[in-house]
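In the two complexes that follow, chain A is the common piece, with chain B as its partner first and chain C second.
Up next is the complex of A and B:
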């Protein structure tokens, strides 16, 4: 199989041509187009919700939705890095709870504690993530099982050491991130920064490029002498740390923690990544897409939850929209498969 | 991957006997070994562990999970993930609780409703995965969510009416000897062995191991996948049916724990998530192991706070052992 030239994000370049003919939108990277489309759909949903009542579709509501999507956005970064590698991280829910519980205990109460507490929590969650990575990479345990077991173990451990009720205090500096100031809400600026930084790490650093390479073709990465084990362990560590960070942020927003804090983020973290145009097989997608997916899912659940209809219908609508997004965004996948089928035909014709 | 082609000739002399290799390489052997160890521990810590009623109880408790895991195995063998299991188990649970009749005929009607609902959901999953090339994990996540919504529409709080026949007879022993749960499990296994020998069964493994090669060899990969998802859905439906008999009530979110547990059982049973390897028997034994593990942790007096830790460690340990043994078992075979 011939190797197509790689674009910035490490996947075969779009060689279909005709990009120029489709104007500036067509010249953009396909992943960026997906991200923009998802942001546009979210925006459209909020505007459309004006028909529901005077409280809907306001600028304030839009801001509120963006603020609460930060948790999913942060978890989705780590989840996406692992998925790009061809893995899956099912421990993010427990990891997030652990981050929140530790922050409640270590950071809460004293303002200065943020300076050492947050790095310490990130180090703990990263180390636990690295442990999953080591299991996947060195012991060849399927990621699904390794991270599922890690999640079960962490949940048990958190339950055990808190004896069922987390103790601690809310943290003022963390809550300040979510407070409205004359210059806007700090977390919103941080989110924009995070998306830019996330895309930069993925597409412009050697580490990011190696993750794509490993996710696209593990055998080739091995042959090319990439540090496969170190890359895998580092990627799972990043996922652990970002889930931990989401838990810390949650303490800032809610000013308290529960032992089920992370649970509702497990499947959405995978959904945000996949809806954002990332291939579950690995090697394709950028963070802008996953972040947009997180905003879309949060917008959707916020609006649907406020519809005032039976929970059953709300759930059905939520599922149906994810389904619709998958079908509508399948374009890329179809092209990918089309290309593969063409390759198959070629190999058949030239034995 | 690490043995070079040149060394496979030398390894041939050291190759273990076929029987040994089969024993070591087969995931079922490991799960049986784990089961034996657990049973010994259980028997040592609880005096009535091996009595008929306790055994029947364990079999009853593990049957819904065993059926769900059996269904999931079919999809995992095709290299897919089916998350709809949680939704279908809940859906069929409330359907049976609300619409099931009384007596044996009513139970049969309930089973048909459950299997039908499962088949319908499976058909949607299979159609979009096989013919539209959607990512199975994402699509089945969507169908799982839609199913749980439908479940809430049918029954928004625990309730329903389950016949005495289902509650008592279906969880009893046939003629006082063979537990009904065991009979059902064996029946599912026999059906699977028969299906495994059909063109579909052969195609299932071929499609999972190497889809391109299977296509070139003339396997109707799309149809094989579609049927796999439909049969998986039927299994989930029956799991929900048996769960209704066990709990004798309809609970809208009863299926949620089955999502991760089913996959844990499949992995414990030695089915590879890379597709093309494994089987239903291992998954069902894996489900039995998970249920027994809970009983053992309880009987050994481990604080319920910490049972999660043990479950996780056992899962990792079992898979590590399976991977190690599989490597020993197939040494020198990789390039043969």
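Up next is the complex of A and C:
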């Protein structure tokens, strides 16, 4: 992973020129290629699973997988922003639970409450995220410790606040996002929009570019007079808000919340980001990759779960495939292959 | 330590006798309170909160409000932490500990030490293998074999089935699974096409069921455990036109779905059974009767009767108490994941919905004694409620249904 600074300028805007004229795939940015490859692997896995049974690989199955992966996709956005910065957010699980619990309390029952309730919850979770960011940036507390502490405190607060049993009502407008309509399921369209918007924020806004710059080389960013504190605080706030949003969406899907709502998303959120081609030390990767990583992880667990084998083996297979994906998508492997191809091309051109 | 304990017991027994016998003497010497500790391993799900609320409500119901000083300790999911909590309770002078044990074997030593100091230890819902403790649980009451057989009967012995399990590696999960397979395994026509872990919560259950439904939309029935309201939600979200029979535990959402005529018309049917919240209430009353010397409990394992509510027996309550045999609450009153078995007209008539939700006593209620011959000894299950023991051959016998289909 230490090659990141070398290819650290491998962001969309920077590599475009260097790709040369090796077909349309070659002209695409490396990160976009990773994302496309991951989507293709997911699609291929679903198709390949047809051998398992007549109903595998159906359109209904693909749709179900996409719908279930939306929560991980949303959490992964915030997690990725923080990782791009060179940090890590371990409070996403508690933040997600908090989002769900607050939505259950504030938004549920009345349709109009979505209009003020959702922004209010996003504001609360963003503020709490900002608090983590402030700890990391101003007090120089390591992100691991700061967000772990934040997560534990938030969990405790949610537990105390609800006394173990969250109270509230399901929300009809939120549930409508997951309903089947004549034009498909609304959440699927929103997911596409979210991926486009996420990539736009990262690669086409000044804020996004500064996050990459800060993640690639904090010292250089500081020397270049980037607003390091503000950037860090804002990025952790985004992570808080996206985890909160995932919790809100979960209420729409499940129509109820538990205090363990976010628990199963903490490590997968990091896994989706890393599988999606983002450097764990920051500075490189785009959201399309993380989103594709989320879809791949969900696809995998769906298919592995349906294999009808013992839980121990399922977990081993799940882990092995993630490992294989990481190895296959490694940068130096791509570089190695690229170099070999270039060598071949050179030798062909100079007989 | 010991003589002081005896003195205390003597004083307590005396004060209890005085309280029972002559009302006139009561005013002069207020009865000394028993120190009772409620030890929970973790909190954070509805089940844990509701069970502890029932105990708190009973401890605040007269005359226990004058006899019991109840303290709650939540020690987390770590076995060592709960063992340490027991030890602290004993050193703090506990008379009794009522607990949800995190492990069936890991706490034995701490429990044994408590027993040696004459502290009464009761576990509810989950069990321990240490013989000096009393365990009160539904585990052995046959939830899994009975509901599985009901499904087989419903399917006429032929069809594709999902098994929604609990938490991998948990002894209750294994017991439920073995119980279900003891029935399904007998019928070659029953194909278990998917088996997944719903973690006993509605959210995971819904997600896992949705995944399984995507791969097997032609499923004929689903065997569920706690969180089964998620199974119904997943079926509804998947756009299935025809719903399939589901068995599960006691969530309010599931019972309401079973009582919903529109869903019944689409094919939903089922049994609501399994782990009752009220097991905590029953355990506490039994423990108090033993502590007060009103009852001699001689068995280690005590079985709680299995709740059994078929779809046509679901009746939605109009008020906050279970009157006229109602057994579910309107959806606005409690969340779908609320466990409805919070009350039993024989075992705990003192309780109401508010007891389960807030831990408050029912206004005007007083503690009613448990019926004389109520204690039913539970069968042995090695590793679950006894060590070096053998499970009876008929552990998974059918008690609520008869097999109407021949294997």
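List of remarks:
FYI, the second predicted complex is superposed on the first by the 309 of 351 C-alpha atoms of A that agree within 3 Å, B and C clash if a C-alpha of one lies under 4 Å from a C-alpha of the other, contacts with A are read in each partner's own complex, and residues count from 1 in each chain.
Assume a contact is a pair of C-beta atoms (placed from the backbone, for glycine too) under 8 Å apart; a residue touches a chain by one contact, two chains touch by 3 or more.
None of the values given here were measured: they were computed from a predicted structure.
Of the two partner chains placed by the overlay, only chain B lies in contact with A:148; chain C stays clear of it. In the superposition on chain A, A:58 makes contact with chain C only, while chain B stays out of contact range. In the superposition on chain A, contact is made by A:311 with both chain B and chain C. In the superposition on chain A, A:189 contacts neither chain B nor chain C. When the shared chain is aligned, no partner comes close enough to touch A:116: not chain B, not chain C.
In the superposition on chain A, A:200 makes contact with neither chain B nor chain C. Once the two complexes are laid over each other on the shared chain, residue contacts for A:159 go to chain B and to chain C alike. Overlaid on A, the two complexes show chain B and chain C touching the same residues of chain A, namely 155, 159, 163-164, 311. Those residues of chain B lying in contact with chain A across their complex are 1, 81, 83, 128, 132-135, 137-139, 141-154, 156, 212, 215-216, 260, 263-264, 267, 272-274, 303, 305-313, 315-316, 319-320, 323. Listing the residues of chain A that touch chain C in their complex gives 49, 52-53, 55-56, 58, 60-61, 63-65, 67-68, 104, 109, 155, 159, 163-170, 178-180, 250, 253-261, 264, 301-303, 305-306, 308, 311. Remark: chain A residues 88, 90, 135, 139-142, 144-146, 148-153, 155-157, 159-160, 163-164, 219, 222, 267, 270-271, 274-275, 279-280, 310-320, 322-323, 326-327, 330, 333-334, 337, 344, 348 touch chain B in the complex. On the side of chain C, the complex with chain A involves touching residues 43-46, 48-50, 52, 168, 192-197, 199, 201-204, 206-208, 210-218, 229-230, 233, 237-239, 253, 332, 335-338, 357.
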